Amino acid sequence: MVPEVGASPSSMAQPRGVKRRAAWVRDSYRRQNALFLAPYLLGTLVLVVVPALMTLAVSFTDYQGIQAPTWVGLDNFRRLTETPLVRFSLYNTLIFVVAAVPLRLLGSLGLALLLDGRRGGGLARAAAFLPTVLPETAYALVWLWILNPVSGPLNLMLGALGLPAPAWMAEAGTARLAIVLMALMQVGEGFVVLLVARQMVPAGVYEAAEVDGANRWQGFWHITLPLIMPWILLLLSRDLIVSVQNTFTPSFVLAYGGPYYSTTFLPLLIFELSFDFMDWGLASAVLVIVYAWILLLIWGARNLIEGLRRREVSDAR
Amino acid sequence: MRGRVATVLVHLARLGIALLSLLPLYWAVIISLRQSGQPPTTTLEWWPQSFHWDTYAEVFRTVPMARYARNSLFVVSLALPLTLLTASLAGFALTQLTTAWRQRLVTASVALLLVPGLAVWTFRFHILNLLGLVDTLWALIVPGLAGGSPLFVLLFYWAYWRVPHELYESARLDGADAWTVWRLVALPLARPTTIAAALLAFVLYWGDFTTPVLYIYSTKMYTLPIGLQLLRQMDETNLPLLMAAAVMMALPIVVFVVLVQVLFLRDRSLANMVDIE
Amino acid sequence: MKRIGKVLLIGLVVSLLLSGCVTAPEKGKQVSFMISGEPAEVAAYQALVDAFQAKYPQIHIDLRSVANSGDYMKQLVTAFSAGAQPDVMLLNHRRLAQFAAQGGLEVLGAYLDKSQGLHAADLYPQALEAYTWDGKTWCIPQNVSSLVVYYNRALFDAAGVAYPAAGWTWENFLAAARALTRDLDGDGKTDQYGVGVSAELMRLAPFIWQNGGELLDDAATPTKLALDTPEALAAFQWFVDLQVKEHVAPDASAEQAQGSEARFENGSLGMFFNSRRTVTTFRTIAALDWDVAPLPQGVTAASILHSDGYCMSAKSKVKDAAWTFIEFANGAEGQTIMAGTGRTVPSLRAVAESAAFLDPNQRPAHSRVFLDVIPSLRHMPNLPKWPSIEETASNEIERAFYGQATVEEAAAMAISQTLTYFEQTK
């Protein structure tokens, strides 16, 4: 039915025929290509783009789900500044990002260096990757028990070591810390990216350095780190985004945003505004802010990477 | 001598990381082997005190978990191949476009990757409702038609982009159509990416909690995550039962990850798992 | 390629067959009916639907259930927004105004007036009144549950305290709570508590009313919460002192370690505040010797209504059939079926007074307490933004209850943070 690769000898003889046939193949090739893209583009349009645009539109309306939305201009954005909940959750999200992102980056980097594939360690890599892909609700439920102040294994272990046993989800500070801890266990994607980056550093570079008498630490600091820096920055921008979005399940399952709003992060706020308060105009306005913030971060990270590349180029000269 | 000490230390550290990562799941397994309904103890246990495998059976007696598992399997078994097929084809097609279009579509895909799920949930319901798919398992499967997530399309795109373009070009000049180039040239070269995408897609559909909550309301069409929620709702204090259900939900993924590591990926291993540029 | 195609084709065919199996056949009129509940409750509603179906075979009831009440709102709200709302749904009276104000609900007062089988006079007025908003009756109350004190008789016996009885006071209650709070193993930590109560407005409100306070500054045209009046503050302080000063209730960490409901179930809690809801679970625990008593009273007696009602969506295309179902569900037969779960206090007097509810062979021994308190029942205000107000206030109450703020601070914060919701209602 379909010609196998390299199996069209007959047309070789006639240059003209080849040309016409090539044009036809090229066209049908393009058509096929478009066909390949169609489900993805159409599906994404229908299932992601249109709903997202509807949400965007709703941010300029008063919409509570039942009556048709009515246009209110920028009123929802004005209300954002007046709603204490928005302030709380912005603050919480910021705290989480500031605490979790650097820790997650360091964790990814540490794992990538330690679990480098050159000398085995495959199962350790699989183990470290696992928490990232476990079903979220099941994993959060396991943590709910681990963090139990009295019968949870974490506090039992701390107690056995003679360390203070915090009340975890019952207090604002430790509740946030617990969510950060959970996020720190799930750095699988980041460490894999850095693993790849590390492996792409040519071995010859290290050999040359060893001749110069560099030790491991110097090798890392002067060779590996600069070479994988663009990847770290890429990961940084990705993690900034992920940290804003991925706090939903842990804070929802573990404490429903409590105690006293301390784990009410932006996604949970949007959830509550939409489905509990039925204030979709306001919820959409928060979403728009989140999205704008993310775009800004990406833009910043991109500029940073570009700047770094340019400096590298000029250094090389 | 110093080198040997360092090697031992590295191995110890690796072991430590592996154990630490597995600890939450291991603790869950220990608790799940207690008798259903048994209250938690206040002593630390490192080894199961008993082996009440019946707790696992109890999960199925308490809620119709077998039916939920069947539903979840049905969703995964259709959505997973569909996702891989559409994402792989779209990723390949992206590499064959003109530079301008390719850049446009890749940028758009990256931008879409950033759209939070919350922005989509509600109005996707409107669309599924128009299509008559609400309260059918198809509501959970249709995202597969769109490649599951732009992430999968981008993963495939990046994998195919690394393949020297002369390979595609020469096959094309030999008169092969796009389908053939994809199937015989591109696909075999992106096997690690396909496996990685399969794992991530499996996780996506298997653990999905929000979508079924919003789009399914007939009890007979509930999926596993809803079953877990039901168990929690019925008795939040029955830890052995809850942990048994959680462990059962996690098990296929554990098996998947280990299989991927042991059977398919050799030393460069998870390298292609998440692969940016 | 052929193989992939074949696999996909087979998959498609199989799934089509499967989906064909689970689609209900459409016959006669379809009425969708949405509820939330755990499997036992869903089974009771299924029995209700089956009984209805046997009597009215021409109407098909499509029962939709959501496991969790939080998820229920999520799905209900989404369905409404897409115009895919159920014809009949169960709604808490505190949500009524939220849906009614947007024109989502059908006014059922006129249906009730015309009904042959169901009469307003047969229902407890305290329940029916809670479904009145903007001068109209919107839904039919399914139950008239309320806040009571569940108590562990064995623990009372062991502490030598008399069982609570009607007319007991805040002082009696506190004395009992103190006697029941004990450190059993002498390690300096309390392991049996006197009181378990969730720190939220639904629990605090009746005590404010008992002390002569109000929740709103003006019942007719409310502009803010009135938690800062001397009466309200005194009740708030008394409520908070149970934990902060008297330590007869678990603190935040203890509550996190083990919830009060679980403590009551395993026999380490003397008194537990809840509505009728927990009866179903407590009945299954043979070792637990429990009963119910009315709330202790302050200056006056008061308790708070917990009720869900059958509501009809305004856009239903099968209103008559939907009403026929509501009429049946809230009639003697339907109410009797639902009373069988033990979870509801029937809103229909005849069924509430019957053995279906007051079954002497079923615990609690004093089920009648639920009926005795009905005259003193009050309900949460009906305001379109009430859920937001209540949740914000509850967060402040929780903070004060666990000693992270004084009652004055918490009351002031609750008032200032909810002002915006009152303004939006105007």
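Labels for the chains are A, B and C, by order of writing; each one numbers its residues from 1.
The rule we apply is simple: a residue touches a chain if its C-beta (ideal position, glycine included) is under 8 Å from a C-beta of that chain, and two chains touch if they have at least 3 such contacts.
Quick caveat, the model's predicted, so the values are computed rather than measured.
**Q** Is the chain-to-chain touch network here best called a line, a ring, a star, complete, or other?
**A** Contact pattern: complete, every chain touching every other.
**Q** If you tally the C-beta contacts, which comes out ahead, A-C or A-B?
**A** Most C-beta pairs in contact, of the two: A-B.
**Q** In angstrom, rounded to a whole number, how far apart do the mean CA points of subunit B and subunit C lie?
**A** Computed value for the inter-centroid distance: 38 Å.
**Q** Between subunit A and subunit C, what is the separation of their C-alpha centroids in Å?
**A** That gives a centre separation of 39 Å.
**Q** Round to the nearest whole Å and give the separation of the Cα centres of subunit A and subunit B.
**A** 15
**Q** List, in ascending order, every residue of subunit C touching at least 2 other chains.
**A** Only 1, 74, 78, 81, 258 qualify.
**Q** Show the residues in subunit B shared as contacts by 2 or more other chains, in ascending order.
**A** 121-122, 126, 179, 229
**Q** Which residue numbers or ranges of subunit A touch two or more of the other chains?
**A** 2, 148, 150-151, 274, 280 - these are the residues of subunit A that touch more than one other chain.
**Q** Looking at the complex, which residues from subunit C come into contact with subunit B?
**A** 1, 4, 7-8, 11, 15, 18-19, 22-23, 34, 38-39, 42, 64-68, 71, 74-75, 78-79, 81-84, 258-259, 262, 265-266, 281
**Q** Looking at the complex, which residues from subunit A come into contact with subunit B?
**A** 2-8, 11, 21-22, 25, 28-29, 32-34, 36-37, 39-44, 46-52, 54-55, 111, 114-115, 117-118, 121-131, 133-139, 141-143, 145-146, 148, 150-151, 153, 156-157, 160, 185, 188-189, 192-193, 195-196, 199, 216, 231, 234, 238, 241, 245, 248-249, 267, 270-271, 274, 280, 284, 287, 290-291, 294-295, 298
**Q** Please name which positions on subunit C make contact with subunit A in the complex.
**A** Residues of subunit C touching subunit A: 1, 70, 73-74, 77-78, 80-81, 98-99, 102-104, 252-258, 385, 387-388, 391-392, 395, 398-399, 402, 404, 417, 420.
**Q** Mind listing the subunit B positions that touch subunit C in their complex?
**A** 39, 63, 74, 77-78, 81-82, 85, 121-122, 125-126, 129, 134-138, 141, 179, 183, 213-214, 217-222, 226, 229-230, 233-237
**Q** Which residues of subunit B touch subunit A in their complex?
**A** Checking each residue of subunit B against subunit A gives 6, 10, 13-15, 17-19, 21-22, 24-25, 27-28, 31, 40-45, 86-87, 89-90, 92-94, 96-97, 105, 112, 114-124, 126-127, 142-143, 145-147, 150, 153, 170-182, 184-185, 199-200, 203, 206-207, 209, 224-225, 228-229, 232, 239, 242-243, 245-247, 249-250, 253-254, 257-258, 260-262, 265, 267-277.
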